[in-house]
Amino acid sequence: MVLVENVSITYKSINEKTQVINNLSLKIEKGETLVILGPSGCGKSTLINALAKTKTIESGRIDYIQDGDRKALSSKVHKIGIIPQNCGLLPWKTVMENYLLPLKIRHEEINNETNKRIEEICKSLDIIPLLHRYPRELSGGQVQRAAIARAFILEPDLLLMDEPFSSLDEITREEAQSLFLKIWENYKPTTILVTHSIDEALYLGSRILVMGTNMGNIKYQIKNPYFGKLFPDEVEYLSIKRTLRDKLKPDVKNKVI
Amino acid sequence: TTKNQTPNETPNEVQNETSSDIPTQEATEITIGMMSSSDVIPYVLINEIGLAEKYNIKLNLEVFTSAKDRDAAFQAEEIDGVLTDYIGVCMYQNANFDVKITGITDGDYLLLAGKNTGITDISQIKGKSIAISENTLIDYTFDDILKNNNIDNVDVTREVVPRIPDRLELLRNDKIDLGLMPEPFATLALNDGAVLLGSANEFDLYPAVSAFSQTVLDEKGEAIHNLYKAYNEAVDYMNKTNIRDYEEIVVKAVGYPEEMIGKIEIKPFRTSELPPKSEIEEAIAWASNKGLCSSDLKYEQMIYDVYSE
Amino acid sequence: MRKLIKQWEIFIQGFLLINAIWLISSIILNINVVPNPIDVYKNLNNLFTNDVFLHVFYSLKRIAIGLILSLLIGVPIGIGMAYSKVANRILFPLIYFSYPIPKTALLPIAMVLFGMRDGSKILIMFLIIVFQVIISVRDSVNNIDSTVYQVIKSVGANKLQILWNVTLPAILPQLLTSIRVSLGTAVAILFFVEGYGTKFGMGYYIIDAWSRINYIDMYIGIILISIVGFLLFNLIDFISEKMCRWSNK
Amino acid sequence: MRKLIKQWEIFIQGFLLINAIWLISSIILNINVVPNPIDVYKNLNNLFTNDVFLHVFYSLKRIAIGLILSLLIGVPIGIGMAYSKVANRILFPLIYFSYPIPKTALLPIAMVLFGMRDGSKILIMFLIIVFQVIISVRDSVNNIDSTVYQVIKSVGANKLQILWNVTLPAILPQLLTSIRVSLGTAVAILFFVEGYGTKFGMGYYIIDAWSRINYIDMYIGIILISIVGFLLFNLIDFISEKMCRWSNK
Amino acid sequence: MVLVENVSITYKSINEKTQVINNLSLKIEKGETLVILGPSGCGKSTLINALAKTKTIESGRIDYIQDGDRKALSSKVHKIGIIPQNCGLLPWKTVMENYLLPLKIRHEEINNETNKRIEEICKSLDIIPLLHRYPRELSGGQVQRAAIARAFILEPDLLLMDEPFSSLDEITREEAQSLFLKIWENYKPTTILVTHSIDEALYLGSRILVMGTNMGNIKYQIKNPYFGKLFPDEVEYLSIKRTLRDKLKPDVKNKVI
């Protein structure tokens, strides 16, 4: 379980200080897939980066509770996998080397089984012919698929995904989504997924959370009954969809002013 | 041509002749720092004609291209002695580095005018420029030449050019009017049309000396004494032998251009002795006047007699 | 193979071009400090009677040791200054104060400490190059885009792993530039440090000829040093091509 | 204002640190080539009787002209080599051959052509620095990520506009590094070029003291040059901060 | 009218040569908005870059015909606006400076009217408070909106957009899409839009084109009757959608092998 308590995050530039998240508290259960929706610029990526320990928080704490044992979430102790919004492949390593690096850093043995897993994931994402290319020789969607594969290969305890499917065509996206579900079924990583697609949120999120524009406030939360179900044709599905859409709209008071 | 002769023919004979008294104990090593000039000829000959073995010394000649480098090595005790001059020793003394003059060396410094300057006599140098180094024996020598010719030195523009080859080049290309140069540069300039106006030796000024630090003198006194014996023998050899017999050695050591082979002339060298007191005192006066040393410096502090025994 | 031929083509073309420029200027200037290249090449055999390989070998040895030492010490200091606030606070003023000191003025100290043989030579070379390396490494680490650290930090890499997998590859292109520049500097310093305490080295060869006013020999030495330099630069280009394949355009 | 105070803090701290190191080493080594800093500071008034400002002024003038000339000529050549295949083919071997030539060996030519005043001094300085600038500009232009040109090319910008809006800002951080490195080199070269044909300049001050074996004065000169260098480096840092606000971390 | 004739494009790396587009011919009518769909990595961005003159073509020609006058398409003569996949904002210029640069390069006067237009567009995209920031101080979606605004401000004759709305939340995206339609209505720029969303294709494309995986072959083309219509609830709409989806799927022969 990941516990985010009273977290505030600011960006500092020379003459400005922008507070992006103020006093956010959040609980992510073990094995849950939490989807975060929110208007552009509300602080979703910032939160993901804070969880991945790549953005320092100003105040508050982020803890990881395992078997009743509460520890500060740490990338050294806990296995965190991230797909950043810019994909984060190292340009000087081939796709394959990019995969092997996190495994090497975590001192994971690369045995037959690992190789088989890597191959399977790469096959599902259709990137086998790209494994020996450098990132700048890939198309936008190929980079994204490569980043997805890297995160999945790591088998992290905490999986953070920032708009991972945004540059994929519908077919490829569905394949990637179902791959995620398969992997999640397999060993149930705690997952946080940022997306802009309400359909995707309803398909992949066991819980859905809508952030507001106001310093990372949580406007709305819902347990999702349609988790893992593709194209449910129910009336209630459409009504949930509509609610989420409404919640995504800017606050009325902002509109009036 | 002379080029194809074996230059070591004569030296070998000397070596064979002197190899009879084989040294019993190990030869003492003496390292002397020097810059290429005709002063070094006897030292080179000491090695070349086997005098080093005879006097049981191992003489290393370390050639420097800049006086600053040489001084640095001297202070670092990398070398035992140097070929320097009165002014240099004054400055060593002033820097609390106890260096003693142990002998004189020979070599002349020629005052030359560029071929296109129209100067033919030293009286015409007023308002002209000279390439020179500051606070060195050249500086001192120039002043001395002026003084001996009763010329007020204020009227000559002194341009500092540290490297002698550069001074020669400036003179050749009419970028400067005058130069005061040792061999082999003087000969080169003369060959090129420069006009000789005067020289240091002409007024009996021999400012170049060999010197050792007091520490080395204490440690290797015996060997240094032998070195001067060898030096004197080398000078004897030079003065008695036809220059053509050892010309190649001279060309290499002094740095004459190869085409000068067969034309080189050398004045007779003097055997080593301590420089006269009056000259040193004059040099001290000059240096202290320039702020290079204290006027309290005494002749006795500057010299060391290795010939006493 | 075709690449090799092309390299040679460039080499020869450049060499001819330089010599053409030289020939023309020697004719126009008509001063004996710029001898006619034809006279120089006529005397090229001097080089081989003069232990050319020993000269090149000694110089290369000094350059190699000086450069490698500078890199071994300069790269970690530069990285340290970029990453650690404390290191930067202490080192930054120290370096800004000592970089401008003309290192050649420290020759007396260098000789006292390391003698007048290769010790002081390499010390002076090191002192000159190491600052160039420190400054360029520090600046290039500071210019790394911080997003490249994201993934590697999130998997809990330690400092060394980050260094090896992100920092070093990220600064590699600039580091190679810095090595190119330092190499040029190192070759030029030869001319100073080989002026004392040695009878071997390309710098010695040139200085010796210069002080003998033997311009023919001096230019032979300059040709030698420039060919060796050219080959060294090409070596670095070759390494650079092999190591930066990912950014190859 | 607070920034200024901090700058001063760093300056003083660095200065004290350097002097502490110096004091300790002068005590440990106990050789007269490393004088005690206290003795040196006791004689600091020498500096003011010696036209300190004239020395600094002359040196700064030479550095400024040399550096600016090198940038004015080196930057376009470097960019040209990176962009134009033809320019590269001609210039690359030329530069690789002439960079290793020890420029100080060209002093006789420089003196004959430009006299022994500032002309030849600046020529030598220029010849040394311009290659460093060319190499680092060429390399940094080659390392620019080609995607930044996309938009500006698509609106039909001409070469000059691309240069001004993309190439120059993209290489600016590395260019500033290169200026820092060149500045250090320029200060060091003072020591060579102010050894002849002048009675003013910080380099002259040090060389003069050295040849008089007056280590106290020599170290006063070194202190002077190192303070001036420090201030110049800080000036560049200041410019760099103003000009690279976009990448400020 | 833009005419693409027999265009082939390859990428060269040291030891490889990848042909991406082979012998493609295409005609884009003046004032048309052509939407290109296609699986990830099929060559869409490559084509866009070729049209923008930022990727050189190996063979073939790309011409622009205006009033019967046929000229090679040139960024110097014709006004081309592009939103590349990576947005292409210059990092050393603020958002505002990024807008003004293309105008300055095209020697367009920046008068009151221009200022008003800029303000209007920025207001619609909700980026007024970001105008003085540098690109690296923006969120993913903000960068994308800034890039959209830059292209719209230029009022190009040929507007090339490579997945311009992929990082926007649904609300912002719809606003951006309707802004595009408004601008298009206004002066009818010839537009090529690459997208992965079939809905978006049907909303914004007057013609829709599906590229195959095989060296940029055109698998399917359709005139779109639903151009500019949001959420049409017709049966035929759904059938077109289904067809497009099918066409996006990899070729059967690939599947079998």
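In order of appearance the chains are A, B, C, D and E, and numbering begins at 1 in each one.
Throughout what follows, a contact is a pair of C-beta atoms (placed from the backbone, for glycine too) under 8 Å apart; a residue touches a chain by one contact, two chains touch by 3 or more.
Chains and their UniProt names: A, E = NitT/TauT family transport system ATP-binding protein; C, D = NitT/TauT family transport system permease protein.
Given the structure is predicted, the values throughout are model-derived calculations rather than measurements.
With contact taken as defined at the outset, subunit C and subunit E are each touched by A, D. Here the two chains linked by the largest count of contacting C-beta pairs are C-D. Farthest from subunit A in terms of Cα centroid separation is B.
In terms of their C-alpha centroids, the spacing between subunit D and subunit E amounts to 48 Å. Centre-to-centre, using mean CA coordinates, subunit A is 28 Å away from subunit E.
Separating the centre of subunit B from that of subunit D, both taken as means of CA atoms, is a distance of 39 Å. Counting only residues that touch two or more partner chains, subunit D has 31, 33, 108, 112, 207, 210, 215, 245, 247. Chain contacts: subunit A has residues 13, 86 touching two or more partner chains. Multi-chain contact residues of subunit B (touching two or more other chains) are listed as 68, 71-72, 75-76, 163, 165, 169, 173. Residues 49, 52-54, 74-82, 84, 86, 88-94, 101-102, 105-106, 134, 136, 150, 154, 160 of subunit A touch subunit C in their complex.
For subunit C in complex with subunit B, the residues that touch the partner chain are 31-33, 107-108, 111-112, 115-116, 195-197, 207-208, 210-214. Note for the complex: subunit C touches subunit A at residues 147-158, 161, 165-166, 169-170, 172, 244-247.
Only residues 11, 13, 37-41, 45-46, 85-86, 137-142, 144-145, 162-163, 166-173, 196-198, 245, 248-250 of subunit E touch subunit A when the two sit together in their complex. Interface residues of subunit B facing subunit C in the complex, by the touch rule stated above, are 36, 62, 64-66, 68-73, 75-79, 163-165, 168-169, 172-173, 185, 188, 255-258.
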